[in-house]
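My questions will all concern the structure given below.
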Amino acid sequence: MKLKSEQALELDESHVTVGQSFCDDPKMTMRNVDVFYSDKQAIYDVNIDIAKNEVIAMIGPSGCGKSTFLRTLNRMNDTVEGCRVDGQICMDGQDLYSPKLDVVELRARVGMVFQKPNPFPKSIRDNVTYGPKIHGLADTRVDLDEILEKSLRKAGLWEEVKDRLDQPGTGLSGGQQQRLCIARAIAVSPEVILMDEPCSALDPIATAKIEELIKELSQNFTIAIVTHSMQQAARVSHRTAYFHLGKLIEVNPTEQVFTMPKHQLTEAYITGRFG
Amino acid sequence: MKLKSEQALELDESHVTVGQSFCDDPKMTMRNVDVFYSDKQAIYDVNIDIAKNEVIAMIGPSGCGKSTFLRTLNRMNDTVEGCRVDGQICMDGQDLYSPKLDVVELRARVGMVFQKPNPFPKSIRDNVTYGPKIHGLADTRVDLDEILEKSLRKAGLWEEVKDRLDQPGTGLSGGQQQRLCIARAIAVSPEVILMDEPCSALDPIATAKIEELIKELSQNFTIAIVTHSMQQAARVSHRTAYFHLGKLIEVNPTEQVFTMPKHQLTEAYITGRFG
Amino acid sequence: MAKMSFENHITKQFDEELEEIRTRLMEMGGKVEEQLQNAILAISDANSQLAEQVILADQSIDAMEVDIDEACILIIARRQPAASDLRLVMMVTKAVNDLERIGDEARKIANHAIILSEENESSVGYPEVRHIATSVTNLLAHALDAFARFDSDAAIRTIEEDQQVDLDYKTALREVATYMMEDPRSISRAINILWVLRSLERIGDHAKNLCEQIVFVVKGKDIRHC
Amino acid sequence: MAKMSFENHITKQFDEELEEIRTRLMEMGGKVEEQLQNAILAISDANSQLAEQVILADQSIDAMEVDIDEACILIIARRQPAASDLRLVMMVTKAVNDLERIGDEARKIANHAIILSEENESSVGYPEVRHIATSVTNLLAHALDAFARFDSDAAIRTIEEDQQVDLDYKTALREVATYMMEDPRSISRAINILWVLRSLERIGDHAKNLCEQIVFVVKGKDIRHC
Amino acid sequence: MQATHLLSLLIVLGSFSFYVSRGRSLALANPLGGIRNLHSLPSYYGLHAALWCTLPATFLLAIWLIFDEIVINAMVMTDLSPELIPSGNASYNLILNKVANIANGILPRESQPSGLLDAADNMLSLNVVSQWSITLLIITLAMFGLAWSSHKLKPDFRARPAVERVMQNLLLACACVAIFTTLGIVFSVLFESIQFFRSVPIYDFVFGLEWSPQTAIREDQVGSSGSFGAIPLFVGTLLVSAVAMFIAVPIGLMSAIYLAEYADSKVRTYAKPALEVLAGIPTVVYGFFAALTVAPFLRDLGASVGLTISSESALAAGGVMGIMIIPFISSLADDVITAVPQSMRDGSLAMGATQSETIRKVVIPAALPGIVGGIMLAISRAIGETMIVVMAAGMAAKLTANPLESVTTVTVQIVTLLTGDQEFDSPKTLAAFALGLMLFTVTLLLNIFALHIVKKYREQYE
Amino acid sequence: MSDSKTLIKIQHSLTQRNRAEARFHWYGRIAILIGLMAVALLFIDIVGKGHGAFRATYINLDIRYDADLIGIDNLSDTEQLSAGNWQALPKTALRERFPDVSSRRDKRRLNNLLSNGAGFDLKDRLLASPRLLGKTESVWVLADDDIDTYYKSWLDGNAYEARLTGQQIQWIGELHEQGSIKLKFNSNLFNRGDSREPEQAGIRGAAVGSFLTLVMTLMLSFPIGVCAAIYLEEFAPKNRWTDFIEVNINNLAAVPSIIFGLLGLAIFINFFHVPRSVPIVGGLVLTLMTLPTIIITSRAAIKSVPPSIREAALGVGASRYQMVLHHVLPLALPGMLTGAIIGMAQALGETAPLLMIGMVAFIVDIPNGFSDPATVLPVQIFLWADSPERAFVEKTSAAIMVLLSFLIAMNTTAVWLRRRLERRW
């Protein structure tokens, strides 16, 4: 009375992603995307849409290519030597990997929050206004302060730091730092925010706060989040994508993935049946 | 209809540990233990027994003193400058902090496994036989090999590594490394094994294997384990101790702690109600 | 700690979700209570229209059960509730079952109300039904009330009430049996009354189950079958 | 994927725990089945001793329910089951409820068996009881069987069987009512028969619930009230 | 026996003790059921014996070696007939030297006063006595040590802690060498400087505008009117250092930035070591390069555009020194720049900053304290640099800020003052030490400040 | 959601920002190019100046080992040998080659073609094979440095005639036509000690001196440095005292090397009366100088051993010494060795402090032990660079090349060692 057979847990050569990978009004689309590190292929033929204002979570075992996938979306992979992306990735119909595209602009539109909170060793104010300043988003000091407050408020940090905006951002607690990084990211009004395991360096309490924040942000932003915690994915996301050995196995509404996954591999991962 | 009042979540000045801190046939006993780092007190008046062959789990928010507590049990705290331990800690009735006691011997009797797997950068064989060698536990090569095999078997690693005992221990996967560290610890036949977040650097799969192992080891060893994962504590331990701001709040059988904790603080922590 | 709250989670979302299932359960309770009252009214007023209505409305209760159950499963999958939260969720998934059963019994009562209304106008058994119906309605109301306030003392009192209902039920049964023997023509009607009484008794039992669950949530003690 | 397994977790402990609740549920099912058979035997053989035995044994079933429920809660607290595992655990906590109810009904039947055995030797209603009892016993056996094999197809077939039982039950009711009208002396006895029939019908329903749960576990679809 | 022979003897004795004691401990362990019943491993018992056997003896040997010459000399001199004993310290040493030379056969025995010959014989015999007695003493002491440690050898003897205590003291002694070095430096420059300042007022030295120590050797002016004004030297030093920094800082910094931030790994693997070669080249080579290639080239270049550039210009010396310092700055800067965590860069790039914005606004500010510290270290190095300026900067102590002229520096003067035929105690020689003191003080202050900054910065990310 | 206003502003700023980016990138490239060019220039310059020194000019002469000419009768009488007029041998042979030279002045000029040491070379030949006595042999005899300079420059096409007379140039021309003058490998450079005569001067004495000094330095500084590092990293309690030691070490590493020379002069020579110019003092001074470097790199190496290894060792009941000896030290050793090599390279190239302790003395003999007077390579370079003879420029460059190749070899070893053995945790 086992699952069909042991082999059933392995991938077929030609696989097709199970579930609802596509949507009607996509913010970003990926078609036949392969990613290579030098010779090593890290992502195989991924096809997926990310809808406007949805939170999509990427889960999967370690090394399955979640981070790689995420970083192709704002070309942070460019900084990795030997990384090559094939296939088509578009945002609002515009090809992200076309030579004409300026990555600086792209990254302003697709913000990113990293695993370890990485505030600049500057004041809280400078951290948040860094983006607006370099992009020339504010003409006056007043504009800048406005952006500052708005971003911090959105990141749920305003109340906690409003009295010490000129103290260094590195003096905040881990969770606050991460929210500062989020504030910094949203200060340039991106359209999409990518988060790579944003809570894995945080304790449960800070994690819970960030999760709250993600829920709130999802009203204004499209969010793609990588997480190693299935429960986190279950909590914060609308759709969940399961990666396995670089392949996108299943994409489905989160509730379904966690109660009734379609693919056996997803089921095996969700229920802890690997090894 | 809130919990009595907000204040209820705070600690009274004079607190008494709730639950079953003591037992009839204790392996280790702690009485009125305070630990200081220079001037900072990290542990306040802890009284607890650890029974023979039980698995006791320490949980609590970050910085509550779990690691400190654990490290007082084999005096690994000695290596921290300015750390002072007051009160009485005994193993089998022998005071661990008496000047007559040889810490080297103590640490051979109370083994420790650390958060990050830390095999020596030597062969697997040398890793395991290091302890027996420096303690003079084996007079001949054959004795040593016997200890090697026995320890690796107990750690559930023998089958995986028996063909490559002379390859470096650092070449193993994270989970295997951690099991190697456990094998290394049990090679000197300790009576107690301390584990400080032994799985926090591991992926879920390796974690599951270590948890299995802990269950098995508990037949022969007394195990004290610190974990940040409440679920892990729930899974592996017989009793669970909850720490809060350096105080031992509650000790109770694990099943009770996780379904029906006695102290409001424990309940609040277990159910995620801090912040 | 006879009362408790399910707020103050770090994740407000979690608070909301727990609150959500609670409210939905309360809502379902209200609905079920209404069904019961309507069914009883349909019998005493021989109002077959009302009875039809009750029968129809039962579907929505069934749907509620499925919905709340699903919500509970999602909470478990998402939040890994522990201790009181876990007890609450488990309680809710059991309570919906009981409520649904109460709804079913109400529908059955309504069914019998239709049959009874079609029959002659005899009032055999009505007093008994009325008496027990009042007790059971109170019982349910008290149970739901205890749940709303997570008041385990109230729940325990309600459990005791149920014993009285059981006694009354037995008396009523005996009386209806007497009617039957006295007047064989009323047998068919009396049987219907019997079923209605039985349904009321079951509703009382389910209300009692609810109360046991409440005690379980609040005290962590399983007092079923004690 | 009509069948499924709950093995191969990385944590063997988890496998064991799931296996444990499954076996205990099966055990409880076996026990309940036995209770039912004994209760029915007690009626048909007018064996009040056997009936007493059934009544006594019901306590152990109640205890089983509490135990398994606790085990399920522990698994949820410890293992954070998801997907099929979670469905299984939730199913088990619902199934024990149904089984316990079946046990209760068996006890009730036994109660009536005692009353019947004390009354005269008339065989009024026995054939009906026997007929339905056989169907219901089969129904329960099939349900438990389907659960043992996690066979959702078998479960669905069993659900269909229950419809037949319900029909038979209605016919039986009518017949017993006829007996009563025909022979008012048998009323008291017939009422007992009615209760027995009712209990059997409920048992059938509970067995059906079990089957619905099985389908939920295997297919992830909630087919209650459809 | 000579000291080296004695040392070898001790080593032999030590190893002997080691093996004997280890063997004995093993023998002790056997009947008890294996070495697990000993307190420490057998080798610790061996080590304990070896240490007891050798350490006291070595210590004694060292003391003996330091004092035996002094004692023997004193004995010889007291036995010397009083008429041969001169007055005055210098000639005392002279006589002593003579006696020693006679004894060692360097001076012929013929035609020496008999008193001296007796003294020489006396010295020889004393030497022999001394050598034999130390040999005996050492062997006895070693044996005593061995006996003592054997006496202690019991299964429950805590040999390991005992051995480890000794080890710890040895290690501590090694660590203290650094302190003795500093003390040595301070004393060696301080005493002579004080002597110097007795003849030349400190004020004249520090604020004097003229430097011409050569005049001091003229017979009629000894110690009185040689001008020892150090200002021109400091100005020269600063001028050369300034030229050097002017070249090294921008190039070093930009190279570091380029290598750390822009260059791909292939460029880095070749360019970085190539640049580091500059750091490995001895300064004397730079001096040669400056004096023989750069200076003439500059002179000719200047001539071709009508500029007179001295053939020993500050420009040539400073320029080459600048090249020498490039890798110093670039590797220090590279260190601090790479110490800025990658996550900072990622953070900035992910905001949509260009790479140069990231470097200028995030990386460099974060690394700035470290870079400043590095530059200060480089300055201190430029000030203390000797060979390049000795070979390429000239001797003339001119007070000028024109890099095209020849200047001299503190280090040049130290070298010239001390490498010629020196008369000790002349202000000229002592002036070198005074200059050394100034140099040491200045660089010390610079270093301490720079190291403080660098260290503080390093800890930021640790 | 990004309003289009934001986007427009961003796009607006882009051109200028991209241009700034390109500029900055170019600054970096230029800086690195300048650095690399400096390396290249220096090497080209040195090699260009010095490559000639590896070959020396020799003149072929028919030498008759005439005992009378030399003024000896017994080859085993050392006194006779040292008093013999050896230079007469090549002089005579040369005069026979140019029989028409008669005036004393011309004869002297003719003799000037030959190195002053040529006779002693022949003496060595004769002593090596005594049966040559009385026989005639065709020998390549070392020419004078001026001839050497001229001949090499003439071969290269731009003859440097400054120190020669026309006659000498003519003789050389004749010899060249006869094939009797040619460039041969300059073994003297590697076999001889210093000399006032450029063509006789070699680097062997300096190289041996360097070697002895380095051995001394290594023997002292490595063990002391490693022990000090171990103490400071593993055992020292955190207090004022250890802080003081630490500050001291860091500071010593940056103290100008000439100060160490002053220290050596004042302490070792003036106070302890150790003789000047000997490798022992050189070694002591360089030990003190390299010690901080070795301590610092050793400490870094020890620090880079992750604390988890230490905890692991302590956790199984190792004492602190066992922990250091069994785990920390083996892991840190590559780093320490690298540090030691770098320190040694630094010591090998160091000049200034050695000037202070008298290693500038003119020493012809090749030192045999630590207490023989010696000089070292960099000081030799300094001395030659200061010498007026033009031929010494070439020698200096050659010595530099030798020194540099040693240094590069050492540094490469260090880099290789670091690459090879360095562990990343």
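Going by the order they are written in, the chains are A, B, C, D, E and F; count residues from 1 in each one.
In this section, contacts are C-beta pairs under 8 Å (C-beta built on N, C-alpha and C of every residue); 3 or more make two chains touch, one makes a residue touch a chain.
Quick caveat: nothing in here was measured; it's all calculated off a predicted structure.
> Through how few touching steps can subunit A be joined to subunit F?
Contact-graph shortest path, subunit A to subunit F, evaluates to 1.
> Can you list every chain that touches subunit B and also touches subunit C?
Looking at subunit C and subunit B together, the chains touching each of them are A, D.
> Taking all residue numbers at the subunit A/subunit B interface, are over half used by both copies (same) or under half (different)?
same
> Name the chain whose C-alpha centroid is farthest from the C-alpha centroid of subunit B.
Result for the farthest chain: F.
> Of the pairs A-D and A-C, which shows more C-beta pairs in contact?
Counting C-beta pairs in contact for A-D and A-C gives the edge to A-D.
> Could you grab the centroid distance between subunit A and subunit E? Build each centroid from C-alpha atoms only and quote it in angstrom.
One centre to the other, that is 56 Å.
> Could you put a whole-Å number on the gap between the CA centroids of subunit B and subunit D?
Each chain's C-alpha centroid was found; their separation is 48 Å.
> Report the inter-centroid distance (CA atoms only) between subunit D and subunit E in whole Å.
Averaging C-alpha atoms per chain gives centres 94 Å apart.
> Measure off the straight-line distance from the CA centroid of subunit A to the CA centroid of subunit B, and report it in whole Å.
For subunit A versus subunit B, the centre distance works out to 36 Å.
> Which parts of subunit A, given as residue numbers and ranges, touch two or more other chains?
Residues 104-105, 108-109, 134-135, 188, 204-205, 208-209, 231, 234, 258-259, 272, 274-275.
> What positions in subunit F touch 2 or more of the other chains?
10, 17-18, 319
> Which residue numbers or ranges of subunit D touch two or more of the other chains?
Expected reply: 9-11, 73, 77, 79-83, 86-87.
> Would you mind giving me the full set of chain pairs in touch?
Those chain pairs which touch are A-B, A-C, A-D, A-E, A-F, B-C, B-D, B-E, B-F, C-D, E-F.
> Could you pull out which subunit B residues touch subunit E in their complex?
Interface residues on subunit B, with respect to subunit E: 102, 104, 134-137, 139.
> Under the definition above, what is the set of subunit B residues touching subunit A in their complex?
61-62, 203-205, 208-209, 228, 272, 274-275
> Would you tell me which residues of subunit D are touching subunit B in their complex?
Touch list, subunit D to subunit B: 9-13, 73-74, 77-80.
> Okay, in this complex, where on subunit E does subunit A touch?
Touch list, subunit E to subunit A: 264-265, 341, 343-354, 357, 361-362, 365-366, 460.
> Could you please specify the touching residues of subunit A with respect to subunit F in the complex?
Counting only subunit A, the residues touching subunit F are 102, 104-105, 108-109, 134-137, 188-191, 220-221.
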